[in-house]
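One structure, as structure tokens, below. Some questions next.
We call the chains A, B and C, going by the order they appear; numbering starts again at 1 in every chain.
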Amino acid sequence: MDTIYKKIADIVGSNYVSNAAEELYIYSRDQGVQPARLPDYVVMPNSTEEVQKIVALANKEKIPIVPMGGALVLSGLTIPQRGGIVLDMKRMNRILEVNEKSHYAVVEAGTSQGMLQAYLKKHHPKLKHSVPDAPPVATIGGNIAIHGSGHLSQSEGGFHTEMVTGLEVVLASGEAVKLGSCSTVPKWFSRAPIPDLAGLFMGWNGTTGVITKIGLKLFPSPKLKDVMMFMTEDVDSITDILFRIIDTEMAEDIAFFVSPKPAYFEGYQLIMISVVANSEKEMKLRLELIRESVREYIDSKEAGFLPLPPYMKVKLVGAPQKNLSEFADVMKGGGFEYVGAIMPVESIPEAYRAGLEITSKHDITYSMGARIVGRGSCVMFYYAYPFNRADSKNIETVAKALEETNEKALEIGGIPWKTEISGQQLILERMEPGTYKMMTEIRKLLDPNGIMNPGNWEVQS
Amino acid sequence: MKQEYADIIHRCFRCGWCKLPTNYQDFNCPAYLKYRFETFSSGGRMWLLRAWLNGDITTSERLQQIFFSCVTCKNCVEACALPHIKDKLVDIFIAAREDLVEKSAVPPPVRDYLKAMSISGNPYKKPQAERGTWAEGLDIPKYTDQEYLFFVGDVGSYDEVGMKMARSVATLLSDTGVSFGILGEDETSDGNDVKALGEAGLYEHLAKQNIGILNERGVKKIITLSPHGYNAIKNEYPEAGGNFEVYHYTQVLGLMMNDTMPKGTLNAKVTFHDPCYLGRWNDEYWAPRFALGSIPGIELAEMDRNMKNALCCGGGGGNFFTDILGTGKDSAAQVRVSEAVETGAEILAVACPLCYKMLDDAVKAEDLGEKIRVMDVAEIVNESRK
Amino acid sequence: MYELKFDPAICEKCKSCDCIMKCQYIDMDLEKAKEEHRKLVRGEDSEILTQCVTCYACEEYCPYHNHPFYLIVERQEEKGIHPVPKPIEKSQVVMMAPKGRIGEKAAAEPVINLCYFPMLKGSISGKLYEGTSLILGSDIFCNLMFLHFARNSVIKERLPAMMDNIMKYHLNPGGAKEFICYHDECYGTYTSWAPAFGMEVPFKPIHLFDFLYNRLKELKSDIKPLNIKVAYQRPCSSRLCPEMDHFVDDIFELIGVERPEREYDRENALCCGGVLEAQQRFDLTEENQTKNIEDMKATGATHCVFNCPFCFFTLMGKVSEKGMTPILMSDLCRMALGE
């Protein structure tokens, strides 16, 4: 019998390790267009201690290890590039603490966004956390490892990683370390004032360690929700319109989008503004201030708020929105992948035109848009391309379009987010040598045997 | 595999909505809850099925385990985000089982169940003559020309817990003034779970046999004990030429004859567990609640996962007989009884003999007997009359 | 082609200028009103063109039926005035365009024309509609809504084809000559707008309330009087056929419903606010909705009944918030039949 398998089974129990063809098949691929690569084992730990033992074993045996959350990244970041162990973290889904008085929660990394959402709704209805647009099975840990952002984008913070108050991480050596206030006192309220080491694990795609616990900021959850949709057909006015709305500081979330389908939206730009309030009076005021901020555009008749029927509002105030997953079926083929490029707000018109050009060149359909992250320093501009999983030519075309989009995003001054291995190469090519050198040295220090999600964030020879 | 299904399996995005109830509180797919590998979720199954049909993976024991662990509870159908495939998910899984059955590639417990069904006509390998023994001493007439036939099914006929439930339902129907009779030893398995396990040929044989007897006796209206039988007779039999007016017993007690249903007072907090084959399969959520709610003194407390979001007991899709899912902390039944206890209810009401046994065993396994007891709706009504 | 039948001599002789003086949204003294209206007639710029909220009411106010509202819309379009922001207007033109998906479906009388409200299909069931045939869709849509967008040209362009479609695909194959307009905007299209623009109508439209009243009379023995007070939300489209309003009272009497007198019913009815919102008149939307619903509530009405599905969708949430049940007239009638 495979001795590694046996050793892993001794740690997690034989029910939670597999090297069966079926698990290897599923864990070798994700929903996007990146090529599959088989792992050797799929392992599901149940505690930090188990993670420590598995990582220590992998380190000793020099077996690559790829932490995986909801497996919804779409860009192949949990596909084990050099085989080894895929560490499915979803059994570690305990909500350890909700500190209602200090507005933070501590959860195990495999906790799903939906589960935390449901838990807060039931037990702490006045509080919520920022959820990404991903389906609710996406995990808190996975989202932090890739610098996610979400529906409370306008709250202080912006990126979800900026809402992290502390981490527990298992290093390649098998040691577990706490980062943030929790390292010094038994509370998870802040990463300051001590040296901020948490950044060594956020946005690293699991190449520096396995995140096992997270402290997360919570935000008020006012009971009234409304949504506004502002429509224009002049993309060059978008930046100005967005800033007028952002600067009111009245919105909870602001997102811009364009879509050729349905046909009555083609050629128009829409801005969705989510507003919450504790009373009708407050809601009225918030809506009024937002409307006033764009009064000039309304009076010019060149733009305006689209009246939304109640059934549509009900769909739009929810987070995450289920119909986003429906985009996967646009080509009747169960797939889509997107380039999500982080870029300055001012780049939106250029980014939009680039998207139109690329999609027209490859004759593919799309959905494009941008979520404003924070109070407007940047956006996550997405170019989403659906494809037909059963049509390999179509997959190839979309893969090419994605690559070109990555290049274009960098060219116009953006940086692709949670990007594919090939996109990472494009970033590293442009990165200052000193920065890359520092990244490499840090990794050598933390992971001398190079077992942590190898292939990611490294220049390919 | 039907072309209609083969044409759409690639359209699953594997986005994972299928794992959760609509309130997201916890995993609501019993197979995924238990095994936790992506392969055991509905999305994983869809992708594996495609790989299998394309020859990328072989017909292994693991594959069989993955397909036969589905409890056909339809949570995924409810939760799936893709309108063009969602309604067909469970049908596709059953079709995959049919393919496996055809290749005789099934786990041993499935093989044994199907063998017993084929030889003995029931999963317990008991004589057909014993089918009516549950009714001994109750003075229930054989069906002649009464308004309704009371159809009991395999579990109600042979399982100890099921027989107890059949007796309480029959007694209550009788006292409610329902005119009914039973087939006793002439009853045949409804075949619902045989079909769910992918043995289409045997199911057809059972259905035809049943329909033949029912038509021969002039049966027009049927009351079933089990939601499984209710589902087969209501939704599947018409295709096989059997057209009957069929009700689940809770519909008779809660909706049609609630006024004449005898009831006393029962001061108890009760939580109701929706059976999948009554709820998600047949959209009946209120009848059992009306029946319970009409008893003075009963306070109905809902579990967080109720109605369309109910967590299956784990006994659907044949698993009651094959036990592929097994027991343990992450077994649906054990999770479910803990959820029931959280409501503060002292009675966990059920309306299906399979749920009854699954949850009753789980109460014992979780050592929750001091806090909660499992009772069927009719039993609760009868208790109120004492 | 399709010129508005409008007689300037009538306006010249008119002393009361009811079209402006009775308007709930334009506030002018008689002199000013006459002057502004004269500008309108002459084709000059007038404040009326930008102040008009397109509520259709002046079509009802004008005692001479001289089509003051259609004149406003004609002038608005001529002058490039856009009551609704241009992107929204253009998008709506595309959204409501005929999709060319119509196929032959013989419709035998009585025929219900459900306009372009596919979501209301479920409403056409029960005893009231037994034996009816149903037609609907973008290819038979009256398009009259574009009056609110100052796009009369869209109606002129699309309506003849829509009427042809109705005849060719539905009425002729089924041997029908008439249909019931579920939405009275369709009824207004064929009985008011089309004649005003000299467009021939090849069938006989019947108002839904007329149909409901007669069906209810036939089903009288099945009616269980509802014994409730119901506030009526009169829509803008009803301004094109005010002669049908008595059917509301007639139906109510049959089904045992009281139509309480209130300030904003009948001639003084208020716009639901949906159009006002599209026109970005947010304060007015809020003001109208608030005073309208408070007025309903003050009468002790338990339900608010709608003629127009668009009003229904716009106000249903706000009506429910105030503890009243929003319901379409057709469904209210079905309720009285115990459905």
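Just so it is clear, a residue touches a chain if its C-beta (ideal position, glycine included) is under 8 Å from a C-beta of that chain, and two chains touch if they have at least 3 such contacts.
None of the values given here were measured: they were computed from a predicted structure.
Taken as a graph of touching chains, this assembly forms an open line, each chain in contact only with its neighbours along the path. The highest number of C-beta contact pairs joins the chains A-B.
Averaging C-alpha coordinates per chain and comparing to chain C, the farthest chain turns out to be B. A straight line joining the Cα centres of chain A and chain B is 39 Å long.
The distance from the centre of chain A to the centre of chain C, each centre being the mean of the chain's C-alpha atoms, comes to 48 Å.
Here the CA centre of chain B is 51 Å from the CA centre of chain C. Residues of chain A touching chain C in their complex: 231-233, 262-266, 268, 284, 287-288, 291, 298, 301-307, 309-311. Note for the complex: chain B touches chain A at residues 10-17, 19-20, 23-26, 35-39, 44, 47-48, 51, 56-58, 60, 62-63, 66, 81-85, 304. Residue ranges on chain C touching chain A, taken from their complex, read 82, 84-88, 90-92, 94-95, 274, 277-278, 280, 282, 286, 313-314, 316-317. Residues of chain A that touch chain B in their complex: 15-16, 18, 20-23, 25-27, 31, 42, 44, 70-72, 88, 90-91, 112, 114-115, 117-119, 121-122, 135-138, 322-323, 325-326, 328-329, 332-336, 388-390.
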